[in-house]
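Chains here go by letter, A, B, C and D, matching the order in which they are written, and residues are numbered from 1 within each.
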Amino acid sequence: MIRFENDYTEGAHERILKRLLETNEEQTPGYGTDEHCEKARDYIRKACGAADADVHFLVGGTQTNTTIIASILRPHQGAIAATTGHIAVHESGAIEATGHKVLTIPSEDGKIQAEQVKELYDAHWNDATHEHMVQPGLVYISHPTENGTTYTKSELEELSKVCRQCGLPLFMDGARLGYGLASKQNDLSLIDIASLCDVFYIGGTKVGALFGEAAVIINDDFKKDFRYMIKQKGGLLAKGRLLGIQFETLFEDGLYYDISNHAIEMAMMIREAFIEKGFSLRYDSQTNQQFPIVPNDVLKKLGEGFSFSFWENIDANHSAVRFCTSWATKREHVEALIKAIKEL
Amino acid sequence: MIRFENDYTEGAHERILKRLLETNEEQTPGYGTDEHCEKARDYIRKACGAADADVHFLVGGTQTNTTIIASILRPHQGAIAATTGHIAVHESGAIEATGHKVLTIPSEDGKIQAEQVKELYDAHWNDATHEHMVQPGLVYISHPTENGTTYTKSELEELSKVCRQCGLPLFMDGARLGYGLASKQNDLSLIDIASLCDVFYIGGTKVGALFGEAAVIINDDFKKDFRYMIKQKGGLLAKGRLLGIQFETLFEDGLYYDISNHAIEMAMMIREAFIEKGFSLRYDSQTNQQFPIVPNDVLKKLGEGFSFSFWENIDANHSAVRFCTSWATKREHVEALIKAIKEL
Amino acid sequence: MIRFENDYTEGAHERILKRLLETNEEQTPGYGTDEHCEKARDYIRKACGAADADVHFLVGGTQTNTTIIASILRPHQGAIAATTGHIAVHESGAIEATGHKVLTIPSEDGKIQAEQVKELYDAHWNDATHEHMVQPGLVYISHPTENGTTYTKSELEELSKVCRQCGLPLFMDGARLGYGLASKQNDLSLIDIASLCDVFYIGGTKVGALFGEAAVIINDDFKKDFRYMIKQKGGLLAKGRLLGIQFETLFEDGLYYDISNHAIEMAMMIREAFIEKGFSLRYDSQTNQQFPIVPNDVLKKLGEGFSFSFWENIDANHSAVRFCTSWATKREHVEALIKAIKEL
Amino acid sequence: MIRFENDYTEGAHERILKRLLETNEEQTPGYGTDEHCEKARDYIRKACGAADADVHFLVGGTQTNTTIIASILRPHQGAIAATTGHIAVHESGAIEATGHKVLTIPSEDGKIQAEQVKELYDAHWNDATHEHMVQPGLVYISHPTENGTTYTKSELEELSKVCRQCGLPLFMDGARLGYGLASKQNDLSLIDIASLCDVFYIGGTKVGALFGEAAVIINDDFKKDFRYMIKQKGGLLAKGRLLGIQFETLFEDGLYYDISNHAIEMAMMIREAFIEKGFSLRYDSQTNQQFPIVPNDVLKKLGEGFSFSFWENIDANHSAVRFCTSWATKREHVEALIKAIKEL
């Protein structure tokens, strides 16, 4: 069985493991106060062109989303997100567990547009009974989205502009950020993102690390006491240096981008194979997740040698499924898959 | 200005005020442990044909909904409700503030149907990643709904059956229950409701009392320690007897039904006047809330003498608005309104 | 049985009931937006010498404490309170239910002193692992305290000074504020309180009203969006005018002070009777709660004609108990009690 | 600088790193559903003599405590713990953030005794106003405690007995469990612990792993839906196999015990050195944390070559400090420390 079901099927990039081995006997203070974390923070600040940013390392995505959102909102506020947003669907109510509603905006492709945010905002404040409703308190976007789509620079600029007009902090979930940056469609840099968002995070778990997400806080208003929040939400790793070492390795010389490029190359090969074979795609993703629509009997056949995720029923005989690549995807596995597709 | 904007524009039924005066100097123990509360509980148990029910008195609707729902759910569970449900829209995130998501079901008329609950339940449990999603934990309905519509006995039986099959407690918000029971369409009794729901409440605030809601817990599983929950959620009134005295008065000899009947009679007169004048209705409500669709210029004119609530824009020139009656609505006010409608 | 067990055994002052009757048929908008509330707010602002204060009416004390504290604190902060503080002991975890720890300071008499706050604050910030601990976020005091004691002007000035130095908002729970102001020991005015606290509330439930507490927000930082918080916490009474009418009556011509004075006069008579009979007092309360220490067999005898609250065991044969007076306490009841004490 | 300041200054035991390397390219399903996790669960069940136990792997201690406690308690319940308990002091209010109070019991050495639990329980239920107070809902102990002390088998039996009598689940935080089991004083086995506790966890972070805690749920009542809780609280690691691989390595052939024994041997050498030099110990710890009381000027000197944690001021000239050993502590480091102590 060759696995394409998600982008966390393997361990970590070999350079990260090597570095963990090399540093294993070093003695460091705990909770992210060591020199590896400090170096990693510097690399990330530099990559973001954000010398004053606060950078914090957390273990996983749900934890990072929850900690950031709970830190920003007041109790009567909610987080605006696409109906498909990770926080709206796949975090077992983690946001609600901190007391906040997720205010959803309909989305076909996983993205939300500036005018939708404006509309929701205006609808709230124009309602005579707005005090009886959850007040919009921030905007959450994922980039790439859960559907593999990405924001263009112009879209993100529009969103950012509306958010600033409305006083809504803009938070980008970058669990797969590397794959967004490496996408052929991409015209956004980390520097753009840092200048357009108030907070965002750079995903490690799915992009080469064993685990770990780097939260980057740009807006000064949200820097205060953030470490208390990480601790309270269970994300302050005792051996914080494990996170520092990983992000140091990813960002000291561009490894993060290199491995992201590899994943995109692999994903594009799979995409092309499905298209060539005449299958359509559920979403126009140019990132590491591909969503072909395939007849169910064909899926059964493919499933004998390859794992993938069921996404949704299209009709009685067709399903959309998800194939993921990652930093770890082997070229020979992709070639085997393409061969299998061709032979269908 | 004659007010029809809501059903809480006046104080309380005169018999309730009289009773508050008569008992004012009585000395009673606090927090609902007095004899008036005890008597009121007995009247309500009897009216519900539920000798073993626990009856608790709370001050308002949001408080009652929050306390009941937070008491039933485990942390990873959510409350199923119509998109229009009060807990989904108009409680400033009170349910989320206790850690729980509201899982919404689309609804045109404010009601949810048994098959929709079944579908949502099945969709959850059939999803391979259900542990990453909020688990449905109970079903919330309002009767009458926020749109004035009501469940038939057969609909409620279906809902109750599905809920029991799925292990989902059924909770009815009866903020306007009297007006549902008094509706001409109604074929449900309090006894039916008590046999089909796990928990429900009988609204006082909108049906003759100064304030107060009587929560009726039928299912033994949800009785334990409920008073702790009321206290924690800020609903344990020090002078609990105020609630006891009011519900005693409402239920000792049928006053609750009498005043509900009056409100319905008044509402039907308004309904007929709008229909006769050729206006259509946004919802087919046979309860105390009426939702005519009226041209905006006509509304402006009507608004000079009468207050009502804006409900929603229908098109550029028409709006749906809400007229409410209550136990307190004066016949001469309704007649004045009807006259004004006729003269439009 | 003559009841002295608490200060909420009766209904409301007759003038309040009269006013509720007179206004019963008035039609007003809901949720505290009516003219009675507006007038009451003005009276209270004037009484507090705080023209810019925001005044909100809530139903009960636990609700008011919870709403104010949850509105001020960030998620990682806690409320400093005396170990005996109402929020620390008698609110079923309402503060914790909003996510916040109560950080307790030892207290014999129910009060906390400025130096204790400073010490706790310094201990937190001097701890190298302070990010692993709950950050002090505000100071909660009750005045009079749960033990009937009161702060002097000089004590409150010291507390306020330390709080401002430390950036800790000072919040006073005034559930029995009238009885503090009327105490013979008192040298604090409402104007002093408004100038020294960031937020406080003026209790109605125990001082003449059927129910109701008036929250006074002095510090601009805590005014924003407070009505959302009231709604979310279940405290936004539909018929808000009921609160307005009551506080209007209490504050239009000094009724609040008059009835408080009466309660204190009654309490002092009881206090003297116990002292004369040779009993000692658990706390030196000069307010409406008196805590004599009485042999258990004597209590049994007294308990035949009078109700009071058990407070704590002093030794195998003695208990401290609580006798409360209020606006409603009848002189003949007090005289009967005094007679019974004398005859012991 | 040789570090003894805590027990998480290094990475992981070399066998664990080796195994992570060997398995790095394996493709596994996510979230703890892989074969390594399954094997690790089996090893742990066997070690605990608990074939029916549910075993879940989480990342860190605060997260594990929070998830377990929030899963067990109803909203109005609190967790009983020693005043020194980790959840009471050092988790930034994580328990309160899930809505629950920590009900503290005074403790000198970090332990709580059966009779203290009984007393707190009785005090709650005997209080006439118990519904106004947080209900005790479970008992939390740490073993070894934060002060290095341990429960004897007889003490744990007593605690367990009282807990069962009172209906209070007993939860043991075993962040340093290995060091408790390896203590010379110890007469408790994992099998004893599994038979006396309802839930406990076996710490990995401080005992050889990079990170990770294995929660063992013995009581069937608390097994249901636990994975939802882990996900919601941010603890469901995407690459769950990392936890499985680590615990597999620790438990397949007794590595967990071997490395624990090493840490205890090192700690006893340090303990003896301080005692021989005439220093007293703050707590009688026979586990991996040692708490000598040392003059401040001596500490300054020791601090030039060795790091340790400040614990508390004893008097103007003396402090208690903490030296930790772990699986990673090198004998030559301990010998250097002992030499330095001797030369003081």
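Simple rule for what comes next: a contact is a pair of C-beta atoms (placed from the backbone, for glycine too) under 8 Å apart; a residue touches a chain by one contact, two chains touch by 3 or more.
Please read all numbers here as calculations on a predicted model, not as lab measurements.
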{"item": "Pair joined by the larger number of C-beta contacts - A-B, A-D", "value": "A-D"}
{"item": "Most distant chain from subunit B, judged by the mean position of its C-alpha atoms", "value": "D"}
{"item": "Rounded Å distance, subunit A centre to subunit B centre (Cα mean)", "value": "42"}
{"item": "Chain centre separation (subunit B, subunit D; CA means) in Å", "value": "49"}
{"item": "Between subunit A and subunit D, centroid-to-centroid distance (C-alpha), Å", "value": "33"}
{"item": "Two or more partner chains touched - positions in subunit C", "value": "75-76, 91-93, 97-99, 131-132, 228-229, 231-232, 236"}
{"item": "Subunit C - residues contacting subunit D, complex", "value": "75-76, 78, 89-93, 96-102, 128-129, 131-134, 310"}
{"item": "Footprint of subunit B on subunit D - complex, ascending", "value": "31, 70-71, 74-76, 98-99, 131-132, 135, 225, 227-229, 231-232, 236"}
{"item": "Partner subunit B, residues of subunit C touching it in the complex", "value": "1-3, 5-6, 8-12, 14, 17, 20-21, 23-30, 59-63, 66-67, 91-94, 97-98, 205-206, 210-211, 228-229, 231-239, 241-242, 328"}
